[in-house]
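Data block below; observations after.
Labels run A, B, C and D following the written order; every chain starts at residue 1.
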Amino acid sequence: MTTTIKGYDFDKGVNYEELVNSYVTTGIQSSNVGRAINIINKMLTWQPSEEEKKEYVEGDERLKRCTIYLGFTSEMMTSGLRDTFRYLVEHKCVDYIVTTAGAIETDIMKCFGNINIGDFYMKPEEVQGERHGNMIIPKEIIEKTKQWLKEFILDIQECQDTSMPFTPSQLITMMGERLNDTTSVITWAAKNNITIFCPALTDGLFGTCITELNEINPVRLVVDLVQDLRLVNSSTIHSVETGVIILGGGVMKHHIMNANLMRNGADFAVYINTAGDFDGSDASARPDEAVSWGKIKIESENVKVLAEASLVFPLIVSKTFAVTKRFDGKI
Amino acid sequence: MTTTIKGYDFDKGVNYEELVNSYVTTGIQSSNVGRAINIINKMLTWQPSEEEKKEYVEGDERLKRCTIYLGFTSEMMTSGLRDTFRYLVEHKCVDYIVTTAGAIETDIMKCFGNINIGDFYMKPEEVQGERHGNMIIPKEIIEKTKQWLKEFILDIQECQDTSMPFTPSQLITMMGERLNDTTSVITWAAKNNITIFCPALTDGLFGTCITELNEINPVRLVVDLVQDLRLVNSSTIHSVETGVIILGGGVMKHHIMNANLMRNGADFAVYINTAGDFDGSDASARPDEAVSWGKIKIESENVKVLAEASLVFPLIVSKTFAVTKRFDGKI
Amino acid sequence: MTTTIKGYDFDKGVNYEELVNSYVTTGIQSSNVGRAINIINKMLTWQPSEEEKKEYVEGDERLKRCTIYLGFTSEMMTSGLRDTFRYLVEHKCVDYIVTTAGAIETDIMKCFGNINIGDFYMKPEEVQGERHGNMIIPKEIIEKTKQWLKEFILDIQECQDTSMPFTPSQLITMMGERLNDTTSVITWAAKNNITIFCPALTDGLFGTCITELNEINPVRLVVDLVQDLRLVNSSTIHSVETGVIILGGGVMKHHIMNANLMRNGADFAVYINTAGDFDGSDASARPDEAVSWGKIKIESENVKVLAEASLVFPLIVSKTFAVTKRFDGKI
Amino acid sequence: MTTTIKGYDFDKGVNYEELVNSYVTTGIQSSNVGRAINIINKMLTWQPSEEEKKEYVEGDERLKRCTIYLGFTSEMMTSGLRDTFRYLVEHKCVDYIVTTAGAIETDIMKCFGNINIGDFYMKPEEVQGERHGNMIIPKEIIEKTKQWLKEFILDIQECQDTSMPFTPSQLITMMGERLNDTTSVITWAAKNNITIFCPALTDGLFGTCITELNEINPVRLVVDLVQDLRLVNSSTIHSVETGVIILGGGVMKHHIMNANLMRNGADFAVYINTAGDFDGSDASARPDEAVSWGKIKIESENVKVLAEASLVFPLIVSKTFAVTKRFDGKI
């Protein structure tokens, strides 16, 4: 069955429902956006068979639906995509998040003030703050965030159980609860029991704060990777079906896919990033490289959209999470 | 004045008007899409001052508005963007087009049959036709197009005036008239006196047809570049104000900008392409390289959107040409 | 047969011969550089069979070897690669060149003065001249080039035969002869009967000069595309074997490959460019897209090296044209 | 002072010393390779002033030279660059390494068998092993590596001190000692006290092995991030001068630069990667974004080379570490 290429006809006026629907038949990367929409809707509406249900214990949420992993890199939290992520987490649209330290910190920063639009080509001396692509983080909100993180670190080290050290995901949950801000992704994740994995959590402001505190009094914190690893790996093993949505590359992309290796592959996969596959990096690898590792099933539905995520992810959400109910009644 | 980063809030439901409006405050490339929308709306609503009007002859259309150049490469005509281009040309939204031979031919091909969605990674032996990215052109419509082009060539060489040979733009106008298809960009351009420049017109099927015909009987056609060059250059010189919208790179990008050099620079410039500026090519050059040449004015408003055009151009049109009237009452 | 990955061992000291040999076993794009070297050496050493020889007329050079097409874009002539191109043309290492107007002009400019290293991120007001990537062309050599081109145009229009107008390749040959500079690529091409095709020759300074001259006295020049088209197409049709080496993308890439369509495909193909294949453009297309069109033979040897050409082309030449003799005794 | 563009002249024969020297005057990215060579040679030959020496304790190695950080991503260890890294570590050319889990594992894998050249576009079912870009890892060496890692994990958990858990860098040192293979980067790092940081060490085979072992008997290992964080941060704080060489992007890039924030910026920085700066990611950020954060000093010498590292890093090493002695007599 062939699909004819056909773009949107503006003689019909501006009908965005149809305009976004027309992406799938527009060709080039638009068609990949269309496929991404279709695949995510399949993640949302997937139902286990009676046989699949039998294998799982009563009351287990995972029985009833496809487990969805969302990954993204830090600049996306700096951008307006944070508001989309907040929506997805507040409304329990995804089950697990994997990200990097910068994203956690930017989410916190935005509770202390605004981040502003700048320009990719500002000279360093012109930037009033720290430049993140074409976004400018004012120094004062970084300082407030550091102050907040230092108080957090000092408090939690008091309640640390040395036989069972904290993991990155536990710390993020505790940060989210403490922050208690309704605009915050980590606050909603904490409220809704959505685990946020961040294996290199110390690589950023949190680490900087530990180092600075340590110069005054030794910080006795331990941050353990192993318990989080077990958690992320067992989450895929015990899922009947999994789907991954990965915006950007790097360790968070690898981490989601590596966890899915434990179950012999994800069932649905959507990658959105800007990396051409010629450099051999995991960041740029197409889904079929993951298939060769058993990270994505060969019979899966998968797509890589070559695009900077802020351009397309809101459109994709508008046709999936914002309108499609999971079969168990939850959006 | 700073602009705070803020994404779309899906708790308001899916309101696309507002969703697309939110691009400008979303950061990264979304903000560049927002800027592109603003700049194109300025092209459309620009009005000359009384003084500027005096310099120009009565009745000259260019007196009354900013001259708009649209450039694109061939794969965009293969894609669903053709339907957007057709809208822009049918409704006289742009004044000049510059493109490559492949775009002219694909516009014709689509009058003879459908082009279909394929996959970037099909093995050559799997492709039922010719692959253009992830789009598949069936062989039969290429054959029909060649047949049509050969008849066209044989007919026009009969009416060729040797002292005044045809130029690429004249040939395209004649093709558009002969084709006379309401879905066709070149047909509407011919109807609406919108000149389509294509300096390397012979680089494609048109050239192939000449070569094949020539094996039977010598083709006596001359295709002259000089008259078209004068035309494109004088079009910018005599414009009060110019704006350029360039999707993709290569000769059409250079050609539009080089013509604007003749007037010491365009006043508005929107580039949309996928080329990082590190390789020194004209295709990848940022607007400020063109400023150094005098192809764009230093006081111009300009932006480069790093994106594959099919992802963003329909959205941009939805907020500009589809809704903004030129001040003289034409959309 | 598998090839084991193995990099260069610096414990052997810096032996560049072996270091460059090690590329083929290094993986990622290095291996593609290694393959490019192998393929070009096959172009150089290819010999026709006795049967193939019979099909061709006595004395025809093409009988005896693989016809080699070299394509490149203008920024490469601006860069130090010009010296490599000059070497290849002076020593008759390639048979045909296809390029863009900018390359012809930069070759001329360098006969009038130096082009200098700058920076990709200089503000337009800081650039003392015109910026081409990170290269700066001083205004005075552009002015000298324009003066030279204007004199050339005025002279040639005197000797123009209206029944047989000049083609771009003829004009380039005439420029090369007139320039008569031993550092110039077009001078050596003229001396050595190497045709340089440039279908959009008027898209640059040459065109600007015509426009400026025309304001004083009408320029009566015609530049005809059709005769050049016949020439480039018949060159591939009558070759026993063809090989293409294409640095960069755009019209020159398409033009070489389209000409090879006339013979049902090139036998050897080396692409070197920076364009990821996701945008559907011809510039970014992998060799197997050209196979689907019949521009490259399915049984050909071909490779695409994803790299900015200045990084790798001198290394490739060092292992091919600089050391490998064509079987007929010519380097 | 201007630098004239000049490429290599092959009429001088193939003199690689001069050919590589000519990069700096070739323009485009070649010039950036030339700058990278110059900057790394400055790192190597930098000497503290008498005053700077006074500030530091007697006998401290860092007193005497610029501390060099080398970062790379996993595919580079899969490629032939591993042999270059081994050379740099064996000969103590760098002081600290930051990388990802995949690189550690590939270094181990290569002690158990060969990794082979494949193709980026192999269908998953054609790959005899796991595909990493165009490199193929046979399944048997992955299995041997897993077996080896499991034995390692079982052994070390016996000797774990619960009050002082292992860090990633300690585990890598222990792996390197146990492996004891003269081709191995981690073995030489262990021998030469070069710390390898890898904050997300569990994100790969090491983590998979813990998960699989845990299904039989609970693994009691804790892997602590905090002690490594202190170590990497204090390494920069206590250095008189620092230089960074970062191949690729992601967490290792951020980690090196974030550590240099603690000292208000690196003095020398060389980035080599394939990421255009338009997507706002840290991976793609130019050095001047790091300057705005205080990760690189504004008065530093820095360059970003846009290239896949395997193409250029061996050339850079050939003109720096392979031939330039550090001022204290060590190469």
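Throughout what follows, contacts are C-beta pairs under 8 Å (C-beta built on N, C-alpha and C of every residue); 3 or more make two chains touch, one makes a residue touch a chain.
To keep track of the chains, here are their UniProt names: A, B, C, D = Deoxyhypusine synthase, putative.
Please read all numbers here as calculations on a predicted model, not as lab measurements.
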Required minimum of steps from subunit A to subunit C, each step between chains that touch
1
Mean-CA-position distance for subunit D and subunit A (Å):
27
Please report how many Å separate the Cα centroid of subunit C from that of subunit D, as a whole number.
37
Could you list which residues of subunit D touch at least two other chains?
27-29, 75, 78-79, 121, 133-135, 276-280, 288, 306, 308
What pattern do the touching chains form: line, ring, star, complete or other?
complete
What residues of subunit A sit close enough to touch subunit D in their complex?
73-75, 78-79, 100, 102, 120, 122-125, 127, 129-135, 162-163, 165, 168, 199-204, 207-208, 210-211, 214, 219, 221-226, 228-230, 233-234, 248-251, 254-255, 258, 261-262, 274-285, 288-289, 291-293, 298, 308
Residue ranges of subunit D in contact with subunit B within the complex
27-29, 121, 276-280, 306
What part of subunit A is in contact with subunit B in the complex they form?
2-11, 13-14, 16-17, 19-20, 22, 25-33, 75, 78-84, 87, 90, 114-117, 121, 133-136, 286, 288, 306-308, 310-312, 314-315, 317-318, 321-323
